[in-house]
Amino acid sequence: MSKNVQQLDQVVIRIAGDSGDGMQLTGDRFTQETAVFGNDLATFPNFPAEIRAPQGTLAGVSSFQLHFADHDILTPGDRPDVLVAMNPAALKANLGDLPKGGTLIVDTHDFTDRALARIGWTSNPLEDGSLEGFTVHAVDLTQLTLDALADSTLSRKDAGRSKNMFALGLLSWMYSRPTEGTLNFVRQKFATKPDIAEANITAFKAGWNFGETTESFAVSYEVKPAKQSPGLYRNISGNVALSYGLIAASQRSGLPLFLGAYPITPASDILHELSKHKRFGVRTFQAEDEIAGIGAALGAAFGGSLAVTTSSGPGIALKGEAIGLAVSLELPLVVCDIQRGGPSTGLPTKTEQSDLLQAMFGRNGEAPVPIVAAQSPGDCFDTAIEAARIALTYRTPVFLLSDGYLANGSEPWRVPAVSELPDLRVEFATEPNGTDGTFLPYLRDPETLARPWAVPGTPGLEHRVGGIEKADKTGNISYDPDNHDFMVRTRQAKVDGIARSLPPLEVDDPDGDAKVLVIGWGSTYGPIGAACRRVRAAGQSIAQVHLRHINPFPSDLGAILSRYDKVVIPEMNLGQLATLIRAKYLIDALSVTQVRGLPFKADELGDMLQGVIQNG
Amino acid sequence: MSKNVQQLDQVVIRIAGDSGDGMQLTGDRFTQETAVFGNDLATFPNFPAEIRAPQGTLAGVSSFQLHFADHDILTPGDRPDVLVAMNPAALKANLGDLPKGGTLIVDTHDFTDRALARIGWTSNPLEDGSLEGFTVHAVDLTQLTLDALADSTLSRKDAGRSKNMFALGLLSWMYSRPTEGTLNFVRQKFATKPDIAEANITAFKAGWNFGETTESFAVSYEVKPAKQSPGLYRNISGNVALSYGLIAASQRSGLPLFLGAYPITPASDILHELSKHKRFGVRTFQAEDEIAGIGAALGAAFGGSLAVTTSSGPGIALKGEAIGLAVSLELPLVVCDIQRGGPSTGLPTKTEQSDLLQAMFGRNGEAPVPIVAAQSPGDCFDTAIEAARIALTYRTPVFLLSDGYLANGSEPWRVPAVSELPDLRVEFATEPNGTDGTFLPYLRDPETLARPWAVPGTPGLEHRVGGIEKADKTGNISYDPDNHDFMVRTRQAKVDGIARSLPPLEVDDPDGDAKVLVIGWGSTYGPIGAACRRVRAAGQSIAQVHLRHINPFPSDLGAILSRYDKVVIPEMNLGQLATLIRAKYLIDALSVTQVRGLPFKADELGDMLQGVIQNG
Amino acid sequence: MADLGLKPKDFKTDQEVRWCPGCGDYAILAAVQGFMPELGVKREDIVFVSGIGCSSRFPYYMNTYGMHSIHGRAPAIATGLSTSRPDLSVWVVTGDGDALSIGGNHLIHALRRNVNLKILLFNNQIYGLTKGQYSPASELGKITKSSPMGSIDQPFNPVSVALGAEATFVARTLDSDRKHLTSVLRAAADHSGTALVEIYQNCNIFNDGAFDLLKESDTRDDWIIKLEDGQPLRFGADGTKAVVRTAQGGFAVEDGVAEGDPSVVIHDEHAEDPSYAFALSRLSSLDRRYAPMGVFRDVQRPVYDQLMLEQLDAAAAKAPGDDDALDALLQGSDTWLIA
Amino acid sequence: MADLGLKPKDFKTDQEVRWCPGCGDYAILAAVQGFMPELGVKREDIVFVSGIGCSSRFPYYMNTYGMHSIHGRAPAIATGLSTSRPDLSVWVVTGDGDALSIGGNHLIHALRRNVNLKILLFNNQIYGLTKGQYSPASELGKITKSSPMGSIDQPFNPVSVALGAEATFVARTLDSDRKHLTSVLRAAADHSGTALVEIYQNCNIFNDGAFDLLKESDTRDDWIIKLEDGQPLRFGADGTKAVVRTAQGGFAVEDGVAEGDPSVVIHDEHAEDPSYAFALSRLSSLDRRYAPMGVFRDVQRPVYDQLMLEQLDAAAAKAPGDDDALDALLQGSDTWLIA
């Protein structure tokens, strides 16, 4: 019996279960299938801070949201259209987000009184009518999986583990996803454990067939591929893109990559990823702490490497003193801050943008450091290359700001050809540059104000650098008052001068008559963009600017700001970019903030913006 | 033969010599005599970063400047009226500051060709007429000292060491200073070495008599005591005043004082001073590093101590993560940053105000910390008490900003009676505060938003705190998005609310018709105030406000700023307070900056201000 | 010690324990809660301070005062607490990354100062909370997320590190051996000064089975060397293995050592010279499988907290620090009066 | 090593040396500059990295590449330099505060990893640059600006700390003994891996005479224990003092030991088991005046820099990391084409 297929232009699916149930893996696979199918997509993994919070508890719920469409989209979606809940806790934790009319697929297997009581439910929502208004598919997925694996060699417990593959099979059928990739993936992943591989494949197929054959699923859906600009695409997460960007920068600069890092969520994956690519001459040094991480990187920079250190808020706080040394030594260094919820340990697995002012000012003395920020998972690649460009060109530490949302989220990414990437070659000093044949390590390039980079091994350029104030040109220790004032202003001027190397800002103002400008930085790009679309769809005009460079600000920012009646700055903090913009341009920018450890919801942002436009 | 005595209303004396020559001690003694005599005064010690830079080199020159007057004064003076140079290097290093017509006393003893060559002088300034225009007293002070000590038991070398006492005796005569204090001081200091004591006293008296008898000094001077408000006075330096303020806060709060610190210039003297006063129950812990210093202090705060950590810029940078923890734990903690020249190691012995933004923002996440700043050496006492008040009342870390200029500089200080000092008593939690008899460590005081301080040892209030985000009231770990947003805003509101406890700002606008307001913070108080006097003396009006509280700003600051056409903000940094004021009040404040490691000169500031008023 | 009628359950909190099912931390928590009543200290006088890591979640589950601080700093924080409040019983819970990697310096300084702290180091030879990177206690060549070709870092021997840092008490025990764990906790509690207890702990997610040799009945006797004061260091299923002295003064393990062989080392946990305990600690470096278990070293040395207190008391005894004293201090020696 | 025709003066810089007159650092500087030509490495291939302190001013006076970094971090910075540039000869200059206080953790981790660094620790048992506070190497009861009633901190024994941290090379020497200092520098330079050299250095301003016992002709022979490989540890003016084994396997000093007494310890700097060198190091803790001088330990272990290099080479050998490889990496396995 063939079922009818319904056309959709976009769908948001959320799969939720115990952190032990493999929800992230299931989500990743469905994402891959969807990507290969050619939809545009955005994902949002959300998992607990504990490695494995106790099974069946709210704290233990892990979820993965996927938004895919036949047109280009910017966010993982505000609310799911379809929620798959693998146990009662998953249902309770996520039900609130499912709009009425939404589709609900529930694994009924664990809906025992004990399990319900454990999460404070006195009655069974599957029976007490509290799910009215949703399209509910209550199915014992676990049992179906066990049945499908009846004659497998696996223990009941292990067999049950395959229920996520059953669910994946079902979903794959529902949305007509290609399945080859998944089957291959499973075969590879469990190459050494053929019985497990078989079980998963059987479960997956059983899930597919279950949708195909049973009555309970009347329709399947189809979301046509999106029209994307031509090119070769892949799905990529922010941390992987950032890692690849660094390797590419190394290759394009001809400098070996050195990473000094200490593990910390959500930055650790960069260390993990880079440690896989030793063939590219990438050295990863897992240091004893964050200070040693940046210290080693700084040592490598002195030696001529493209030096990088990665961390998150608490670790960055520890690096402040060493960043100050890098400012004083004027050596290239990329400092990646993958932001998470703060203050202190805060919310390690949640996203936030609250390290901007720490990046700006978190050091003693006048110690200016350029700041660039990535706006989407794929954009982390370009941002890494840009950070490297600035560090190498200006001989300065550079902050690269990403966050948990970008780090773990993924999106389709047009794969660039290495040969097309910017040329980052640098010239080490090879000759004395002093009139009298001496070497002056602080004699600057008149254009960039960068000092020469003379690496050990270069005869005749032996020199000493240090963190005490240095005399102009010679770099010798100097306590001279005027020299200090001069050096402080020169270091500032060097960083300010970077603005001259920046392209004009892109103002997105399709109607050209917008009175309100919304400006953001970092991972709010998606939600703000989606919100602007809603505003425009509602017939109103709004302009959007998103900043990749926050220090220095692009030269044309001031002029742009002055063109609009009202400037709105949405941030996942208490208004840090707003503080910088207000201080520099003296405009009464409206700071719209949310510090919930989650990205903005596009529709809430959209409503807010419409409000501003109306009352503007 | 009696000499004529000339009346002066003020004098600026600078004594300069080799850092081995005891210039600081000589200066201190002269300051004491002057203080006891009842002049108002201000001092400025200036010494090299090296412990003992090589003798006779420019790098080794140490100097001490004293400004005293028959009226109240605000700065150590821009330029000396009298310069005492104990060797060629001292002369070369300081001559530039002596205005034409100034008096010069030079010890000719070391003016050998070698010594002159060593500092790059090809001819002897005492002979080549390059000292024309000054009143020069070229005397072989060293030889005179040796002669005076001819029949002492000391070696020639040791005897020579007393030349600074000879100079002091001479100066004491010139300015009719009382000498008893110095003689007693010497006797005490060398109680165990009577021969040295004798030598110094002999040299001192010889110096006095030399002035009295020889022709070369025709006049002596008299500076009448200043009319100061009645009370008991003493001379005090910033670091000592700060230490005393902390001990007083401990006494007035009834909490034992705990200092966790790691030595660093110019903060070390606070550790040294406090370690002397164990009788007051003061615990000083010299930690293995700055992080351990603040860590230990935080542990002591948890245990119920008045906890303090002291450092300077580079050390403060290391404390960022732990300060964030203190913000999250909401425990009282005073963090003293005795600022010095930066960035990085910078200029350890020079002064600067460039840690303000680090204090504001040098941590991950939204981690607001109140900031108070001292404006003069004596004011460090009151500032310490105010910092303790805020920390204890609001259960928060508090930044106290001082700098090298305040730390080492001194001024007369009206000694308060302990009983008059603010009452800082705090109430520890003793009872469960939850409706159900449980203890809620994050249930807040509705007025201050402070949480209860329940110290170990209190039965029934056992509780756990940590750096992960906490649920409102219970303080249990919470990953709830709305709770996080609420807690972030509540911590901010608590700090903002401190403004309600602050007195109205004092605006110094004697003429009442000023159009220009000059606003400052910290150690620029003296120079700015002196500059304002010059402006007014020149018949122009100017208003001055000086901020003790920088975070939060006092509630009336905005209104005050709006009253003036122009706001000028002089700072020893690149405009850090200006950034905060511009961001908050959107006024186009004029930032006037100098980063020379030295305080502003009052006359330069005055000229600048007059310029602003004219072109206003 | 005084029996206060406390029961293990009195030390449980209402917080749900959130370690992975099967984590060794559960057994340690149970053992510590089981031992607490015996400590004879009121709950309100006990404080657990931890850093960051799975292990460092410990304080949330102890119904005493507690602080879950920041990564690696617990020994420093506890030092301030203990020196300012010598009346308290202060315990530190830390992990091999927390204590030996980022916190290594605070650990060795606490040990040399001999602050009155009981430090429980949960050594699972991995970074658990951050999902499985090698730690300073991981074996050479270990393949982890951050060392795909194998770690190249020579691991620390935690006991050797402590002994090199002037430790007055060092012991080792095993998460699954409740009885032994409890006996070591008892010894640590009885020691005045810093006591470092290394607890081998299984991380069944990222480093499962690291200590199976010491747990499985058919192997444990061959690798566990029980340290009992005054007893010869004999072990092995049939008791014929023994620790003997080498020519260089170090120790080695020999098999088939006859009864009463004089070369067998007699354990002396009170040996003043740490060289003895140090030599013992090296057996695990000689062959990682060897695990001397029990108290390596337990000697007396003045306790930091007490020394500080004595200086305060001595100073106050000379001249009490009352308000008059403070007035006098503020005035100093050189004052003048303005009427 | 190759003679490059370099002279000591080639290693002097134009910077004026700014230590206090009489500071022990001058002698060390002279000895190092004197030794450099013998090192047989070109000036441009040598780097001196230091932290902060009087001692850490050292690099400014060496005409090689150099970095005067921040307090305590030199070992970490040098680790990054040495691992990324194994072709260089990297030297670290540090002080007892820089290396043992704030920098303790970086020091012990560099030692365990066996990075190819030569670490010169100038131990004057005081904080010089900050004008005289006690350091982790200062004796108990020391009266300083920050310890007016005497320090209550048990000092580290730097050699013991290093040995507890898996050090492969540890030596001690004296600022004023140019010949011995040079011989120790030679041994350190010959060692591949981390070499820690503790140099007793006199701070004549804040801790003058700390090592006079080891310098004055009438006392030095009674307290200096010269370590010479393969030689019996005999010393004393008349050579009758000797280091002998104690029952517990530690060492003790005995007087009037007859010629050829078998209980006298024969020095073995290559002993694999660090227990030997550790026991030796404790003599100075037994009585602070004893100063074993020379190489305590010198053993071979794979060098961190090399191990890292080998992994890179192995990976590249399998499949070179050229642009094509990078293109392939960027594409990954799951791609799709949009025409």
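Going by the order they are written in, the chains are A, B, C and D; count residues from 1 in each one.
Everything that follows uses one rule, which is that a contact is a pair of C-beta atoms (placed from the backbone, for glycine too) under 8 Å apart; a residue touches a chain by one contact, two chains touch by 3 or more.
Note that this is a predicted model, so its numbers are computed, not measured.
In terms of the stated touch criterion, the partners common to subunit A and subunit C are B, D, listed by label.
Note on interfaces B-D and B-C: more C-beta pairs are in contact across B-C.
Annotation: 29 Å between the Cα-based centres of subunit C and subunit D. Each chain gets one centre point, the mean of its Cα atoms, and the points for subunit B and subunit D are 39 Å apart. Between the CA-based centres of subunit A and subunit B the separation comes to 46 Å, rounded to the whole angstrom. Across the assembly, subunit A contributes residues 59, 278, 288-289, 314, 321, 325, 344-345, 466-468 that each touch 2 or more other chains.
Shared contact sites, meaning residues of subunit D that touch two or more other chains, fall at 52, 70, 101-102, 104-105, 109, 136, 149, 153, 308, 311, 314-315. If the chains shown are joined wherever they touch, the resulting network links each chain directly to all the rest.
Interface residues of subunit C facing subunit D in the complex, by the touch rule stated above, are 101-105, 108-109, 112-114, 136, 149-150, 152-157, 160-166, 245-246, 248-251, 268, 271, 273-276, 278-279, 282, 286, 301-302, 304, 307-308, 311, 314-315. Residue ranges on subunit A touching subunit C, taken from their complex, read 50-55, 57, 59, 262-265, 268, 271-272, 275-276, 278, 284, 286, 288-290, 314, 344-345. For subunit C in complex with subunit A, the touching residues are 16-21, 52, 54, 70-72, 101-102, 104, 127-131, 133-134, 136, 145-149, 153, 205.
Subunit C meets subunit B in the complex at residues 13, 15, 42-47, 49, 52, 59-60, 62-70, 73, 76-85, 87-88, 105-106, 109, 308, 311-312, 314-316, 318-321, 323, 325-327, 329-332, 334-339.
The touching residues of subunit A, when paired with subunit B in their complex, are 48-49, 59, 312-314, 316-318, 320-321, 324-325, 327-328, 339, 341-350, 352, 354-355, 357-358, 360-367, 466-469, 479, 481-482, 484-485, 488-489, 491-492, 573-574, 579-580, 582-584, 586-588, 594-598.
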